[in-house]
Each structure stands twice: as structure tokens, then as C-alpha cells.
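Note that subunit A is present in both complexes that follow, paired respectively with subunit B and with subunit C.
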Partner chain A sequence: MPQEFKRQYKEILEQYTLRQTEHNLYEGQNFSKQLIQKNISPEEVISIHKASLEEIIPDLPEDVSHSFDLLIEVMIRYGLALKEHQTLIKKQENIKMEMELAANVQQTLLKTKVPEMSGLDIGMISVPVKEMNGDYAHFLSDETSVGIAVADVIGKGIPAALCMSMIKYGMDSLSGAKTDPIIVLDVVNRIVEKSVSDSMFISMFYGRYETTESMFTYASAGHEPPLFYSAKNNEFTELQAKGLLLGVIPNVKYEQHSIVLEKGDFIVIMTDGVTECRSKEGFIEQKKVMEIIESVKEESAQSMVEYVFHKLEELQDFEQRDDFTLVIFKKM
Partner chain B sequence: MNISVELVEDNLQVKAVLKGEIDAFTAPILREKLADIQLRENLQIELDLVGVSYMDSTGLGVFVGFYKSVIASNSHMKLTGLSSRLKRLFDITGLGEIMDIQAMSEEVKIDETV
Partner chain C sequence: MNLRSSVDIITEWDIVAARQLGRNEAKEVGFGTVDQARITTAISELARNIYLYAGKGNIEIKQIAEGNLKGLLVIASDKGPGIPDVRKVMEDGYTTSGGLGAGLPGVKRLMDEFKIDTVVGEGTTISATKWLR
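Let's look at the complex of A and B:
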């Protein structure tokens, strides 16, 4: 321990042996903060206590003096535990930094560009709850068609993020935006099934919109059904399509359906971070979500998704529990 | 948030009664408890979910993992007493098609609005 600390400690101790006041005790408390900052171990503190005491009280009984040697021995383990704790904190900081880097890599790797299509307004929002997003949205497009994949990987964090690269890999191996949704799901399922651990799986929705016929064709692998809003009837319906989650068994039959969009109609594709929102009073019902969406149906698709996110965030007291992804396709 | 699992084993029959919420925090506990079941040929396992008030996708993951090992060991697994919310989760994910699932019968249906 540096001389400066020794001097300070002796002074505090001297004061306290003279007068046992709250103030003098408090001095000791403040001093310990400095000691911790300078990584001074408990046994060192005791040896300085012993030395100071011997100087302050020259005729200190020898057995009292000896007793400190025992105490020093007893405290050595505490000193080691403290060191270990400090190493762990440092390690944790490193891991955190690596996580941030990995999250950046993930974002770059999985970046998707919302395509611009004539006659179709597209909005997208995807907000992770931790550094790594367990939700994934990816667009494929050419002049007349746009494909949208929305997936939710069960199992969060790093394993989920790695899993997502598999979906991207599967989709990149396809022959473009015109591929049938059931083919997309089948290809990705085969890749995922071979590679993931037993309790990991993915729900995924794939839809393709063709501008020439204003037709939306879709299939689902165990994903939350999207909502279809018909402007003419002013009502929402669920776009149901049967199909098992990706990664459970290799051969799955998916259903494929189509729907034609009229002007003002829109499709809302989401993950269960949207439908599993819970407020203090319980689940936020699907009806509530529909009401929120309907209240902004005249806005642009991008304003709509942003509004829904903020509104649901508010209803949950700004405590997001799950990754949140929302995509809207709106026919203009 | 809590989960309790009570296991009753009798020869080739196992019944596990689950109570509580299954989410990211409790799923590891459930997974461990289920791993205690000694899977073997022709074992009939019933998982009673009447007391499960909430389950998220992490919970589903536990059942998928368990289902896979059940199939691999030639045992059989049945889920019983699912609330309509839970039933919907299994239906949406397509798991309802491959697993043996019995929803809660109408007369014992508990209030789910809480």
C-alpha cells in the first residue's frame, strides 16, 4: 500500500480512538471507497491497521498485536475472491463489447432493403429487445414481384442470430422473387432441420406480391397469421395457412393461398412480439391491435408500422418483452 | 413468475402436472424436470397443462425438444388440459397436427381474462 494511504489511515484511526463520533466513522467509510478503487486487498488493510495501531498505542499488548496476524491469514481468501470478481467484471466487459460487435455484424449481414414497387406501399419496423434480434425480415424483388419473409427464431440471443444466417442463406439460394412461397419454406425447412438443436425452431411467413395482378400469394410455417384489411368491407380477416414450424421434421406439406388486393387494402405481417403484448391488465387483445391499425389506415405504410409500435409500447408501459417486427403491404 | 412440475410414475405410465407460467425464465426449469423422465419404449407420458396460465414461444421450444426425444425413444406423449389460448398456439405453429393434444373440456374451462 502506498505511503500516502498509510498516513491517511493512521490519521483516521487516531481520530477515532480519541473520539468515537459518527463523523470519524464516516471518514473511514469514504476511505474504503478509495481503497477499493486502488485494488487494495482486505489483508493489506489489516496489516496497515496493525502497524498504525502499534504506532498510536506504543504499549499495545502483544497478544492483541498477534491476533491481527491471524486475522490477516483469515482475510487472504477474501482478497483472492475480490481479485477474481474484478477479473470477471473485466471479462464481462469484453464479452459485452464482442456482443455489440457481433450485433453489428448481424445487422450488416442481414440488412434488407425495402423495395420500391409501383402501386404498392411497403412499411417495415423491426426492434430487438436485446442486442441481437431474434426476428428477421427479408425482401426479394424484381420489376413486377416482391417477396417478403418474416421469421421468428425461438431461442434468443447469439444462437438465434446464427440461425438467422441460415434463413438468409436459404433464401439467397432461391431463383429470385418469383419463387412460390411453398418452395421457399420447403428449402429453408430442409436447411434448418438439418442444422438446429432440438429445442430450437423458427416460425416463418412468406408472401409474394405481383403488381401485374395485384395478387398476394402466401404460405406459413407455424407463423402468426397476418391480418388482411379489406377497404371495401372495412374489416380485418386472418390469412390462415397451415404448416408446421421450420426445423421440427424434414418433410412438411405447406398450404399456399392467394388473395387479390383492391385499392386501400393492406396486409399486416407480424411476429408474436406484436400479438403477445401484455399490459398490466393482461394480454392486449388482437381486436385492440386491429383498432390501433385501423385508426391510422389512411397514413403511409411506414407511418402505420411506426405508429403501431409506439402505441403498443405505450400500452405495455414501455417495457418491451419480445423482439418486435411489423411489415405492411398496402395497395395504392 | 413460477413453474412447478409434479411427476407421478407408475410402470409404463408417467403423468406430469404442470402449474404456472412457461416463459424464457421458467422454460429451463421445465426442460430440466422433463429430462428427469427416463424415456423408454412404450412409455406413455401425459403432460397435464390445466394449471398453465401462460406460455410463450420459448415454452413451445421445450415441448418440441421433448417431443423429438420422445419420438426417438419410441415412447408416446400426450398434452392435456390446454386452455384455448394455449390450444391456439399449438394450432398456429402446426404442432397440433403432429402432437397428441387434448384441449380443456368446456365445463372445466377457467377464466382466462385474468
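Let's look at the complex of A and C:
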């Protein structure tokens, strides 16, 4: 038993047995901070109490004295539980640190640069809900074409993130930005189908914009349909394209469609982190999302995606529930 | 002085007998109340493991000395099924009791030295030492 602690405790206890003041109690409470800091276990504290009491009251009844031995016995497991708890907290800190490292690796691995294209304004935001992102956005570009892949692994965290690396691998094996969307999906689907367990589902959208014709060509593997905003008609429509989720079967026929953009038109590509936002009143409706986007349609594409994210975050009381990815292509 | 004594663990009541033996020896070595309680808790845990998982076995208590250092050695042995994955049972939070701060990691914490020898299908011997400081 650390003698210094015993001396201090005895002093506090002696004062308290004489006068039961709040001040003495406060001192006792402060003393417990020191005990915790120095890792003094509960059973030791009781033992200190017992020894101090026996010194303060020399004729302490024996049965009272014995009662503390029982209490010591009872507290041993509390002491053990406390130590176990401390070890587990340390372990958790280590895991957290590893997760952060892994998240960094992932970020580096999945880094994509928003390309600069003449006549096209591009904005992108991708915010994971946990350290690791289960959403994926990747650009391919050359002088006149820009391709955008947006994928979403159903599920979050590490398994989703590991899955993403595979899509990245599939995308890297493509020859360039001019590849047809249905070819892109076909290649990635074959890779995913071969290497992913049946319980993993990935949706993916691929679109390619050609600046020479202002044409956007797209295909989808069960992904959230993007929104197309027509400036002339001042209205949103969904860009529908049928196609099975990635990795279910090897040979899938994807649909490919094209649309021509006029000045001020834009396309909004997103993951279900955007469409499945929910506030206290329930799901935030698509109409609401459209309203938010429309209210900032004159801004740059990057300002638009950032505004939509913050606005939806606000509507959800700043509790993000799913990985959130939003890309806007706006014709200038 | 009898420096070596043991208790066979066959029924749950033998756990109490092993504790009693451990406490007497610990007192004799000169351990204080808190360490006595730690040693007996470790013995309880070891004896309970024998009773629950091996059916029967033995707890041996030895007073030991190394130079000026005096201590108590607890040896729990059984011819039970053995432990297939020692690392796992030594992990915090693994015990089936679910985070009650005991199990083998608890025994290791309560004592100063801890050693485990186990062969699947042959049995387990656990030695744990507490030194008097």
C-alpha cells in the first residue's frame, strides 16, 4: 500500500470524522483523482480506508473491522473489470489509429482529379460517414471527352472500402475517356462478379461527356438515376437506364442513352446518401433536393455540390447516415 | 512446516476448500488482506475452470523463495480437453462470462507470473506466482 496515499487519506478521513463538512467531502473527491491517476485499484482504496480507520479509532469494534475484509473481497473483481476496461480502451485507440491510416491509404488510392474542360463546369463532393468511404467517384479525361464513374457499395466501412479498390482496378484497365459507358460497365461487372461474394452489391453509373457535340452518353448498373436539368424548360427529369447491379451475373446487357446539353443545362449524379437523406419528419423528398439544387443553379458547379451537401446536412440535424457523393456537370 | 499442499477439485465445494488452503498459505507467507483476496480470487478462477471445463483436477499451493523474496505458487492441473486456442482465451473480453473482468486474463492480472501449458486432448497446467513485496 503506497504510504503517501495512506497518510493523505487518513488526514482527510480524520477531519471528516470530526466535522462532516462539504469542504472535507470535496477534498475526498479530489483525492480520488490522484488515486485514479496512479492506478490505485478499488480494493486497495478500501484497504487504505480500513487501516486509516483503525488508527483513528483504536477501539473500533472488531466486527466493523472484519466487514472491510469482505468488502475488499467483493471489490477485487471491480478492480479487474476496471483494468480490463483500460486495456480495451487502449486497444480501441490503436484500432482507431489503424483505421485512420487505412483511410489515408484509401484516399490516396482512390484520389481523382476533377478535370478542366472547355465549355463544361464540373463539381464534385464525396464525404464518407465513417473513416472509410463506400462511395467511389472517378474521372477519366482527354482533350474532348470526360468520363465519370460513380459507384456505391451497399454497406459501409471497411468491407465497402475494400470493394472499391476493385472498381478502381477495373477502371484503370480501361483504355481511356472515349470508352463507351456500356463497355465500362461490362468490364467492371466481370471483374466484380469474379471476385466479390454474393452478399456484396455494388451499383454504378458511368457517363461520358463530349465537348465537341455537347453530348452526354450514359449507362447504369442499378444506380440511382441522375437528374437532368433543362434550363429552357426549367425542369428536372430523371436519366433512366436499365441495368443489373454489378457482380450478380457475368453477362449483363446494359442500356446506353445519350442526351444533348444546352447552355445552362446540368446533370446531377449522386449516390443514395443524397436521395435517402432523412430528417425528423422522414425521408427528404426528391422534390426538396431538386428545389435546393435549383436555388443555386447560377453558381459554379463546385459551389452547387457544396451547398447541397451543407443544406442536406442541416436538414438532417448534422447527422450524416450514409456516404455522400454528388457530381454536377454543367454546360457553360 | 508443510510447504506443499493440494486440493482435488471434483465438486463445486472443493473450490472453497482450495480458496481456504490458498488463504492460509498466503497469510503464513505474510501477504496483506488485499493480496490475500487477489490470490484467492485467482484460485477461485482456476478451480472453477477445472470444475467447469475439465470436470476434475487439482490445485496445488506451494510457498516458494528466491533469494530474499518470498512468494506463493499456485498450480492448477487437469487432464481435461485442453485449450485449442490459448491466445484467444488470453484475450480481454473473450471470457464467456462476458467482460466480468475475470477468466484467465484476470488471473494473469491478479498474480505476478503466469504460465500455461496445454495439449489438446491431454490437459492443461497453469502456474501462477505472487511475490511478497
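The rule is simple: the second predicted complex is superposed on the first by the 316 of 332 C-alpha atoms of A that agree within 3 Å, B and C clash if a C-alpha of one lies under 4 Å from a C-alpha of the other, contacts with A are read in each partner's own complex, and residues count from 1 in each chain.
Simple rule for what comes next: a residue touches a chain if its C-beta (ideal position, glycine included) is under 8 Å from a C-beta of that chain, and two chains touch if they have at least 3 such contacts.
Predicted model, so just to flag it, every value in this text is computed and none were measured.
Enquirer: Return first, second, both or neither, reflecting whether A:Lys91 touches subunit B, subunit C, both chains, or no partner chain.
Expert: In the superposition, A:Lys91 contacts subunit C only.
Enquirer: In the overlay, answer first, second, both or neither for which of subunit B and subunit C A:Leu245 touches.
Expert: A:Leu245 sits against subunit B, while subunit C stays out of touch.
Enquirer: Tell me which partner touches more residues of subunit A in the superposed arrangement, subunit B or subunit C.
Expert: Between subunit B and subunit C, the winner on subunit A residue contacts is B.
Enquirer: Could you say whether A:Arg7 touches subunit B, subunit C, both of them, or neither, answering first, second, both or neither?
Expert: Neither partner.
Enquirer: Just checking: does A:Lys38 make contact with subunit B only, subunit C only, both, or neither of them? Give me first, second, both or neither.
Expert: neither
Enquirer: Can A:Ile76 be said to touch subunit B (first), subunit C (second), both, or neither?
Expert: After superposing on A, A:Ile76 lies in contact with subunit C but is clear of subunit B.
Enquirer: Given the touch rule stated above, what does A:His66 touch, subunit B (first), subunit C (second), both, or neither?
Expert: It touches nothing on subunit B or subunit C.
Enquirer: Classify the contacts of A:Ser47 with the two partner chains as first (subunit B alone), second (subunit C alone), both, or neither.
Expert: second
Enquirer: Under the stated contact criterion, what part of subunit C meets subunit A in this complex?
Expert: The touching residues are 32-34, 37-38, 40-41, 92-93, 99-102, 105-106, 109-110.
Enquirer: Which residues of subunit A touch subunit C in their complex?
Expert: 1, 43-44, 47, 50, 69, 72-73, 76-85, 87-88, 91
Enquirer: How about subunit A: which of its residues touch subunit B in the complex?
Expert: These residues of subunit A touch subunit B: 152, 154-156, 197-201, 203, 221-225, 242-245, 248-249, 252, 272, 276, 282-283, 322.
Enquirer: List the residues on subunit B that touch subunit A in their complex, please.
Expert: Interface residues on the subunit B side: 24, 31, 56-58, 60-62, 64-65, 68-69, 85, 92-95, 97-98, 113-114.
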